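Working notes, beginning with the structure itself.
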Amino acid sequence: MTEFLTAAVGFILAMLALGLVSILRGPGDADRMMAAQLIGTGGIATLLLLGTVANLPAAIDVALTLALLATFASIAFVKKGLSSLEADGSASTETT
Amino acid sequence: MSIATIFEIVLAAVVLGLGIWTIVVRETYSATVGYVAYGLLVALIWVRLDAIDVALTEAAIGGGLGGVLLLGAAARLRDSEPTVADAPGKAVRVCAAILSALTAAALAGAVLVLPDPAPTLAPAAASNAWATSLANPVTNVLMAFRAMDTMLEKVVLLLAIIGVWSLTPDSAWGGRPGPRHQADPHSVLVFLARLLPPIGIVVGIYIFWTGANHPGGAFQGGAILAAMWLLAIMAGLADTPPVRSRWLRLVLIAGPGLFLVVGLAGLLFGAAFLSYPPAQAKPLILGIEVAMILTIAATLGLLLAGAPERSARQ
Amino acid sequence: MSRVPLLAHGTGDMVWLPIEESNMSGSSGTPDANAGVIAGGFWWSATSRAAWFVCLWLVLAGADPADIPAAAAAVAAATWTSLRLLEPRTARRSVRAIGQLVLLFLYHSVVAGADVARRALDPRLPLRPGFVAYPTRLSSGIRRNVFTTLTSLLPGTVPTGEENGQLVYHCLDVEQPMVAELAAEEAALVRALYND
Amino acid sequence: MSLLRDIITIVAVSAGAFFFLAGTVGLLRFPDTLTRLHALTKADNLGLGLVVLGLLPQAASLRDGFKLVSIWLLGLLAGATVSQLIARAARQGESAR
C-alpha cells in the first residue's frame, strides 16, 4: 500500500508540474493566477497522501492550513493588493 | 531506486524548475505568481524532511499573507515598470553573476563538507523535554532552551511595525492604516469573507494550542488569524483600527512585554534571565504564547495594512 | 470557437455599492437581511453556530479535558465573529431536503468531472464554449452567492457575474440543457434551505 | 477486511489521480482562459474528493476521517470561490478589450 500511495503522490506531483507549465505560459494574468489554485488543490492532495504514507498526522494540519488559505492569492489578484487607493479603485473586477 | 526516491527527485525538479522560471521571467507580476507557487511547493519539501513546524509556517505565510503582500507590491510596481526598464550594464551583470556563483559554491561546499553524522543537539533537546512538560521539541527550543532568540524576534516584529508607521505623513498620524476597502456587498468575495473567518479562527486557535505537543504554535496560529482579519478588511466588512488606539498598542506590546517580565522575574527570583521554575514552566510558557498569538496576529495584519493613510474619523 | 451572442458585453457603468460606515457591522448593505429578527431567533442561531464550532474543534483536536480553555476561547471568538459577519435570519430548513441537495450535488459533481475529463481527453476536443444567461428567482445577496458557489462546482458551468439581474454562466458546451439543470439545482436549494 | 479497505483505497485514489490527469490535459489543450478554468476547478475538486475518499479507509480513527472530509469541504469552498473570482476577472478583461 505504501508503494502504491507513494507512486500516486509522484503522479499527482508530475501532473501538477505539467499543469504549471501550461498555466505559467499565460497569456493573461488570470491564467497565471490559476497556478496558485492548482498548487493549492494538488498540494493538499499530495500532503494528505504524504501524511498517510509517512505516517505523519501533522501533515494533515499543513493541508488544512493550505485549504484555509488557498483563496488568498486569488483575492489579492482581484483586489490588486491592499495598499494603494488608486489600484483599489481600478479593481472593478469584483463589482457586478 | 525506490519509489520514494523518484518522488523526491520529481519534487526537487519541480521546485528547481519553478525557481528558475521565477528568476528568468521578465515581468514582475509573473515572477511574483511563480514565487507564491514556489513557496507553497517548498512546504511540501519541509513535510518530506519531517520539519512540519516549518511547513506550517511556510503554508500560513506563503499561502496567505505573503501572497497578498507580494501581489499587492507587484500591482503597484507594474504602473512604474516602463520607467525603470533601463537594463543594468554588462559589468553589473557580470559582477552579479560572479557573486551568485560564489554564494552558490560556498553553500554547496558547506553542505558537502558537513561531517557524517551531522552535529546535532536534537537528542539533548528531546531528553530535556521533561523540564517544561511540553512534548513538541520545537516549542521547547523556541520557548525555553533558546527563549532569548524568540523574544528578540518578537521585538523585531515590533520594530518592523514602527518602521512601517514611521512612513506615515504627518496629516494622517494616529489614523487608520490603508485605504477603506469597499466591495460590492453581493460579490462572492464578501460572501467568502462572511463564511471563512469564524472557521479560520477555530483552526488558528487549534494550530496554536496543539503547538504545545504537536507541530504548530503561536506564529502559525497568529498568521492564520491575521489572514482572516485581512480577509474581512479586504471585503470591507471590517476596518483597520486607528494606530493611536491604546488598546491596539497594548496588544502590540503584550507578547514581548510579558516575555520580558517573565524573563526578568527569572533573573530576580530564579537562576537566570528567562529561566522558568520547573513547576510553573508550562503555565508560564502558555501564558506568554497566548499574549504572543494576539501580538503576532495584530502585528502581521498591520504590517500588511501599511502606514496610516486616513485620519481616525474617516 | 463559437460564442453564442446571448449577451451584450461591456456594460461600462459598474456600480459601486457603498457599505454603510458603521464599523464591523457585517450585515450592513444586505437588503435581504430580515428586518425584525426576534430575540429568540438570535439565541437559537447563536447556539446552533456555537454547536457547529464545537464540532469543528472536536474534529480538529479531539476530546481532551485539558483542551477546554482553548476550545472555549475558540468557540466563543468564532461564534461572536460569525454573528457579526453574517446576521442570523429565520428560514425553515428541512433535513431531508438538505440530504437530497447533497446527493444531487454529489451526483452532478461526478457527472461534471467525467464530462470535463471526457472532453479534455477526446482527440477531437468537442467544445462549444459560450455564455448562457440564467434568470434566477433567488434574491441577490447571500442566497444567490450560495447558489453560484454550488453551481460553480457543477458540470461545465462557471458563473461569471450578473448582468441585468440575470446570472451569466460560461459553459463548455452551450448545446447542453444547462438552464434546465440549473433550475433543478435551484429548486433543490430552495427546498433545502430557503423554504419560507 | 483490510484487503477490502486497500481495494477501496487503490480504486478511489487511482480515480482521483485520473481526474488530476484529465484536469492537466484540459489545462494544456483547452483554448482560452475560461475553458481552462473549467478544467482546473472541476477536475481538481473531484480529484481531491476521490483522494480523500480513498484515504478514509486508511484513517486511524473516525476523527481523522472527519478531518479529511473537512479539508475537502474547505477545498471545495476555495475552488468555487476562486473560480468565480477569476471567471469574473477574465470575462471583464475580455469585454474590455
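First chain written, first letter: the chains are A, B, C and D, and each begins at residue 1.
Methods note: a contact is a pair of C-beta atoms (placed from the backbone, for glycine too) under 8 Å apart; a residue touches a chain by one contact, two chains touch by 3 or more.
What you are looking at is a predicted structure, and each value in this text was computed from that prediction instead of being measured.
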Per-chain Cα centre nearest the global Cα centre, belonging to chain: A
Contact-richer chain pair [C-D vs B-D]: C-D
Centre-of-Cα separation between subunit D and subunit C, whole angstrom: 18
Subunit B and subunit D: spacing of chain centres that average the CA atoms, whole Å: 28
Whole-Å gap between the CA centroids of subunit A and subunit B: 18
Chain centre separation in whole Å, for subunit D relative to subunit A (CA means): 11
Subunit A residues counted as touching two or more neighbouring chains: 16, 29, 33, 40, 57, 64, 68, 70-71, 75, 77-78, 92, 94-96
Per-residue multi-chain contacts in subunit C, two or more chains: 15-16, 56, 60, 148-149, 161
Subunit D residues counted as touching two or more neighbouring chains: 23, 37, 41, 45, 47, 67, 70, 74, 77, 79, 81, 83-85, 88, 90, 92
Subunit C residues within the subunit B interface of the complex: 15-19, 23-24, 26, 28-30, 49, 53, 56-57, 60-61, 67, 70, 73-75, 77-79, 81-82, 85-86, 140-142, 144-146, 148-149
Subunit D residues within the subunit B interface of the complex: 74, 77, 81, 84-85, 88
Residues of subunit D touching subunit C in the complex: 18-19, 22-23, 25-26, 29-32, 34-35, 37-39, 41-43, 45-47, 49, 63, 66-67, 70, 76-77, 79-81, 83-84, 87-88, 90-92, 94-96
Subunit A residues touching subunit D - in the complex, by the definition given at the top: 1, 4-5, 8, 11-12, 15-16, 18-19, 21-23, 28-31, 33-34, 37-38, 40-42, 44-45, 48-49, 52, 57, 60, 63-64, 67-68, 70-71, 74-75, 77-78, 92-94
Subunit B contact footprint on subunit A (complex, rising order): 3, 6-7, 9-10, 13-14, 16-17, 20, 24, 26, 29, 32-33, 35-36, 39-40, 43, 46-47, 50-51, 54, 56-59, 61-62, 64-66, 68-73, 75-85, 87-88, 94-96
